[in-house]
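Note sheet for the following structure.
Order of writing sets the chain letters: A, B and C. Residues in each chain are counted from 1.
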Amino acid sequence: MTPRQRLWLFAVAVAGLVACYLWAFAGLPGFGDYPGPYGPAILKRVITETNATGVVSAVNFEYRGFDTVGEEFILFTAAAGMSVVLRQLRGERERQSSPTDDAANRQVPATSSAIRIVSLLFVGPTAVIGWWLATHAQTNPSGGFQGGVILATAFFLVYLSGEFIVFRRLSPIALLDAVEAIGAGGFAAVGVIAVAMSLPYLYNYLPLGTIPGAVSSSGTIAAISFLVGIEVAAAFLLIIGELLEQTLLRREGSS
Amino acid sequence: MTPNAVMDILQVTVLVLVAAGATLVVRTRDRVRLVLVLSVYGMLLAILFFVFQAPDVTLSELAVGAIALPLILLLTIAKVRKPQ
Amino acid sequence: MQVFPFIVVAWIVVVGLYGMVTSRDLIHQVVCLIVVQSSTYVLLLAVGYVTGGVAPYFFDISPRALAVDPVVQALALTDVVVEAAVTALLLSFAVQAYKRFGTLDPHELAEFKG
């Protein structure tokens, strides 16, 4: 069908969608009038039950820990799927030089000194901040997911400063695969250990500590957050590494 | 002005900016420019989440939407560029 | 102000879908999908907001302070990170399509059979 017909069909469909949306929003309480029993119920008892002052992370890894296991395995599968989809590509390339891949042949200009200095200066602080965020989920706005992404960003800075070979040496694929597997499997294992102790899956069985909000408090929440942090960092590094393979092979050959 | 009124004005302003940013992202057709506009949109979203009292989501959106996603997009664009 | 965030959510969805339908480039389509997905984050946070509430972290304030809903924040948080990985997977499919067929135009790609 022609583009104009497509556009008309889209207009009709979107009009129906918007009508249903507005009908649904008319039934919601207004913005800011959240009445729901679930939120205030959790807020009332989170500190007495888990000794964690970071409520969002407590919800993520304790009250809704089962959903988080699922989300983490989506991440794991996406990284694994990328390796599978792009690996077949590499096998073809080695046999005949394909003219359509341009990333291997472009002229890469040398990085200016200003960028190198600034990027390398920030690698250390970024890694420390990422690690801190991943291990302090129960106290402040922090947690496994954002800590893991920021930790991966520290490695990207090495790549951005022009040190391609160093980046590849700092993140070998075998090590990243192992770290990602430990993170994902560890999360599932923490839950299974609870089952082995004849408690429900992902029950919080580690000691809860005495001071709410201290680093050693809140039992399994801290352990799970750390495992999720390293798994997310490894998954992002694997994803970027797969996309970078072509340019790195070329650089290594010419330098 | 009461704190609630200030909060209201702030939220309305950032919501309008986010809506404008989304329109800009869709209207940009050149690939490299698209990546930059998406990065700015990610930062606007992070500000919106902050004004909605959600610092955790702000951290995630900043790290992902302004850094990791544009990097992944740029690498993909480099792989599919037509030879000049 | 009672319904303004929800109207913005509807606007972002419509704009993103329009971009996907009229796109001539797979990469632009994936970016429009990112925009549509970002509207769900705004919707989640707007549903859970409490007027006059503070962020739900009680490290240095009393646990009895009025706070916004933490459950929707937890959902939006994992969503943001997982979306990036799924987008990367979609982009790798786009790269694969370019290698096989030499074009990234969805109208032309639709005519190839397998």
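Note that in this section a residue touches a chain if its C-beta (ideal position, glycine included) is under 8 Å from a C-beta of that chain, and two chains touch if they have at least 3 such contacts.
Note that the coordinates shown come from a computational prediction; the quantities given were computed from them, not determined experimentally.
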Comparison of A-C and B-C by number of C-beta pairs in contact, larger one: A-C
Chain whose mean Cα position lies farthest from subunit B: A
Approximate Å spacing (C-alpha centroids) for the pair subunit A, subunit C: 15
Intercentroid distance (Cα basis), subunit C paired with subunit B, Å: 10
Shared interface positions of subunit A, touching two or more other chains: 56-57, 100-101, 141, 143, 145-146, 149, 236, 239, 243
Junction residues of subunit B, two or more chains touched: 54-56, 60, 64, 68, 72, 76, 79-80
Shared-contact residues (touching 2 or more other chains) in subunit C: 1, 4-5, 18, 46, 49, 51, 55, 57, 68, 73, 77, 80-81, 84, 88, 92, 95, 98
Residue ranges of subunit B touching subunit C (in the complex, touch as defined): 3-4, 7-8, 11-12, 15-16, 18-19, 22-23, 25-27, 29, 31, 34, 38, 41, 45, 48-49, 52-57, 60-61, 64-65, 68-69, 72-73, 76-77, 79-80
Contact footprint of subunit A on subunit B as seen in their complex: 54-56, 58-60, 63-64, 67-68, 71-72, 75-76, 78-83
Subunit A-touching residues of subunit C, taken from the complex the two chains share: 1-6, 10, 13-14, 17-18, 21-22, 46-51, 55-59, 63, 67-71, 73-75, 77-82, 84-86, 88-89, 92-93, 95-96, 98-99, 102
Residues of subunit A that touch subunit C when the two form their complex: 3, 6-7, 10, 14, 17-18, 21-22, 25, 28, 30-34, 36, 38-39, 42-43, 47, 53-60, 63-64, 67-68, 71, 74-75, 78-79, 81-82, 85-86, 88-89, 92, 98, 100-101, 139-141, 143, 145-146, 148-149, 212-213, 232, 235-236, 239, 242-243
Touching residues (chain side subunit A, partner subunit B) in the complex: 56-57, 99-103, 105-106, 133, 141-143, 145-146, 149-150, 152-153, 156, 236, 239-240, 243-244, 246-247
